[in-house]
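My structure is below; once you've seen it, I'll send some questions.
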């Protein structure tokens, strides 16, 4: 399985945030995207997830046999927000995502096992809204575990996490990579991962292409 | 009640007023936009696709 | 996701905003002149037309009522076509066209309602009835206002474009309803007498002024629309420059 | 998809009870009309079906704006939109269905009680229930389009109702006329009812597709 | 406090114009009624005042839930609640007032137009305007209580309307009956109108205090 | 001016988050609260701000003459959220807070000066919603500058800030302390401040008191 991006160009409104972004990841590798505030890290991740259309360039996920795989079915996206309902219990939230995600790409942990894995044993029956910011983020990470998908797209996964949880997170990603997964993460903080590629976005934006001035 | 002429007159007059209002609104809007653009350019904000090419601005 | 590239139609490269501004700037004076001339001719003809033996002088309201009603529908059709442009080619000019047509369409719809009421009072003895045609035009008016509110409520025009286009297209159902409401339900309102498959049934002495006025209204619409589109492009340019300013400052970073 | 239905229903019943509000509002609308009309029982019975329908229409519009907005605020919407086109349409369908089950169905069940208040005959009440049963899902489905458009708005609220009301008018017209046809003798009940059903089916097909298109377009 | 009033009004008029939305919703609701009732002008004129009042009630209730919720979501509410008791009550009063100015007042001003559409007489229209002028602030003030309670709820939204609707029903009833009293001969206009005014004053005093208490209690 | 806390006890629902928390700060001193996720940092700050009632214990702010000052009038609270309206321009937002806060405790910077101070010169006329996460946080910090108040209560003030802005923030707080202010901040990241006390919350919660069992 490989994830290959070629010459990606991302735009927000009138300005090109990045251009000519390319990388190639294979099983067991991770990519860390860094850059100052507003440099386009989140934009790049949403683009990889298919939530935004790239201005040009392409991002392909190919299976071990070379077949092109649809990213939405083989990738987990974790955004700035946690995708959990405050009203529902933690276990209900995770159970929902487990059945929602469990379309093709194999098995994941059980809900309880995932909660254990993020070190929050015992919160299963609490409404999600009762948790602290860091605990909420960790439950959001547990979503990645309940349904196994090879590619993880993580946007500031460690926001609001304390030191210990940072380590826990590093272990989770490490495990995922060891099992042959891929990970792409945007972050300001060092993730404590080894064996990673990194991509630095400059934060210097150019106005949209000179020939055809942008419309928006 | 009003005479029939009055109805005709009111129709034509209100049509004229509405259309004129629309026209004036659009003209004023255009003026305001141009003023904003000038203000921004005076502040040194440039479109980075090169020098602002005139037409309309 | 096999291909994230936005499809770029040929006119993406052809028509950039600067070029559009230049081109429209050249066309506008001619268009405006034509609109004014035809309006003057139309007004002259409509007051020279003979009075109707049934409706008396009020028939003159027809010359401004009917074109307004036509334009109200045409304007929505223009918006619907532009919406298809937005959805299929994703061309921002289509979105600009759809958005700026809204207030103009609303104005023509308002005029058709107003002049219709003013005609209805002497003819039918009431300002307003809830018959199918009148009501469907009123619904059209509401849809214009709703879409205007929708655009006003969004802070980012680029994001508003596609959802608004979808909604515009869904609302297009109303146009055939307006057009054929007189045939489908029997109502107080006049059935079509000009735009019929078997040719107009109206007397030429009234038909010609009506047609000239219709042409004048159409020219007025396009003139105003073009002007509004130019404004909208400038508005977006200002907005874009503001955003760029924000980003430039971000890149500039902290105080030394 | 069953999971989605279950989740949405759980949220609707848990946090504040959308169902209850709809019914309460329905009651309030129907209860004030007699104040206007005065205690003229015949007149009340006559306009009863219309009032019930109008009340139901307004009640099902309430809360419709949250259909996708809530998912957007907590980030779930990203996962929904990430799906392929067909699944997304199905998702919208299921969410609209959940909205109807939580909001529309209780209205149908409350209708007989209100029919009693309005001094309506049993036939009329039955007819209103039947037409509501067919018509309210149509409102939810076409409402999904408005809700999808509202996703890009800072605050949807009233705007969704404004955008949807004009589109819902055909439902109202045929719903009411079928209800009347059931009680007044010469008019046959079936033709308007069939049209209503056709509209409902049409909206059930159109709504999710249009809403999905709007959602895809709104992603940022 | 003037700053707060100015800010809330600026937000209401800027982002989509709450004012315009309220009026549009009002228009849409009233336009839908004849589709249900049928085009009978006499009947329309008779139920006109009730319809106008229902429309106005709805238009001012919807969106009321955002009164404090928006402040909570962006964190401003903490600063408001941190004030001493008296300032907090004043703050709530000012916010309710801003809500009324942005939502209620435009409804009052739009009423005559709708009266025309509903074929109402000039007297009836005037009476409806007058009662709305007195009644809609009461809705905003009592609505503040619901909005304050909604702040603690995960997804306030609908619940506000549930909480407030029962309290708003007296306003509706006296508003409607005063409007009718103005047109039907034997009934005197003043008694119900005085009751309406009394309710409005009572709510203007009670609402902010109760809402402030709810906000203080809700802080978490 | 002194801020003294004695034997504060904070509870959330059934569990006691901290107990016997005490500290004493005088002019020019800062306190940094650390602890793992869910240990009660935010809870403690909200309690100091008067947004939550303490279970027991007290927090007093006394003036230089020994008089007890009302905390709400003399403290700025900066929570997880920014307290700014997306629809309004940056300048409008700050102007509002300037007039809202300017009750008693003296002057603050002008709006423009405050924007300059957080290094965002030129954004005054932009709607707040246009800014990136990090820029928004910096404007939220500018609120503390437009109205001068001696005590700052900061909850993860540097969340979403990039490295450069972290330094800027440290400078701001340093300035504030130098002018005789007090600051209490909860954070996971080192703030780059010197001369600070620190308070570590353990994150070990106890069930509510055994004698009077809790009801909530």
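First chain written, first letter: the chains are A, B, C, D, E and F, and each begins at residue 1.
Everything that follows uses one rule, which is that contacts are C-beta pairs under 8 Å (C-beta built on N, C-alpha and C of every residue); 3 or more make two chains touch, one makes a residue touch a chain.
Keep in mind the model is a prediction, meaning the values are calculated, not measured.
Visitor: Need the graph distance between subunit C and subunit E over the touch network, please.
Guide: 1
Visitor: Work out the mean Cα position per chain and let me know which chain is farthest from subunit C.
Guide: F
Visitor: On C-alpha atoms alone, could you tell me the rotation angle mapping subunit D onto subunit E? Nearest 5 degrees is fine.
Guide: The superposition gives an angle of 175 degrees.
Visitor: Per the definition at the top, count C-beta pairs in contact and tell me whether E-F or B-C has more.
Guide: B-C
Visitor: Where centres are the averaged C-alpha coordinates, which chain has the largest centre distance to subunit E?
Guide: A
Visitor: As a quick test, compute the distance in whole Å between the mean CA positions of subunit A and subunit C.
Guide: Computed value for the inter-centroid distance: 45 Å.
Visitor: Can you give the whole-Å distance between the Cα centres of subunit B and subunit F?
Guide: 48
Visitor: Approximately how many whole Å separate the CA-defined centres of subunit A and subunit F?
Guide: Centres of subunit A and subunit F (C-alpha means) sit 31 Å apart.
Visitor: In whole angstrom, what separates the CA-based centres of subunit A and subunit D?
Guide: The answer is 37 Å.
Visitor: If a residue has to touch 2 or more other chains to count, which residues of subunit E qualify?
Guide: 15-16, 21, 24, 28, 31, 35, 38, 154-155
Visitor: List, in ascending order, every residue of subunit C touching at least 2 other chains.
Guide: Where subunit C meets two or more other chains at a single residue, that happens at 18, 139, 142, 145-146, 149, 153-156, 240-248, 250, 253.
Visitor: Could you list the positions in subunit B whose residues touch two or more of the other chains?
Guide: Only 47-48 qualify.
Visitor: How about subunit C: which of its residues touch subunit B in the complex?
Guide: 18, 21-22, 25, 56-58, 60-61, 64-65, 68, 103-104, 107, 110-111, 114-115, 118-119, 121-122, 220, 224, 227-228, 230-231, 233-235, 237-238, 240-242, 244-245
Visitor: Quick check on the complex: what are the subunit F residues that touch subunit A?
Guide: 13, 35-38, 42, 80, 131-135, 156, 159-165, 188-189
Visitor: Name, in rising order, each residue of subunit D that touches subunit C in their complex.
Guide: 142, 145-146, 148-149, 151-155, 159, 162-163, 165-167, 169, 206, 210, 213-214, 216-218, 220
Visitor: Going by the contact rule set out above, which residues of subunit B touch subunit C in the complex?
Guide: 4-5, 7-8, 10-12, 14-15, 18-19, 21-23, 25-27, 29-30, 33-34, 36-37, 40, 45-48, 53, 55-57
Visitor: Note which residues of subunit E are touching subunit C in the complex, please.
Guide: Result: residues 15-17, 20-21, 24, 27-28, 31, 34-35, 38-39, 41, 44, 116-117, 119 of subunit E touch subunit C.
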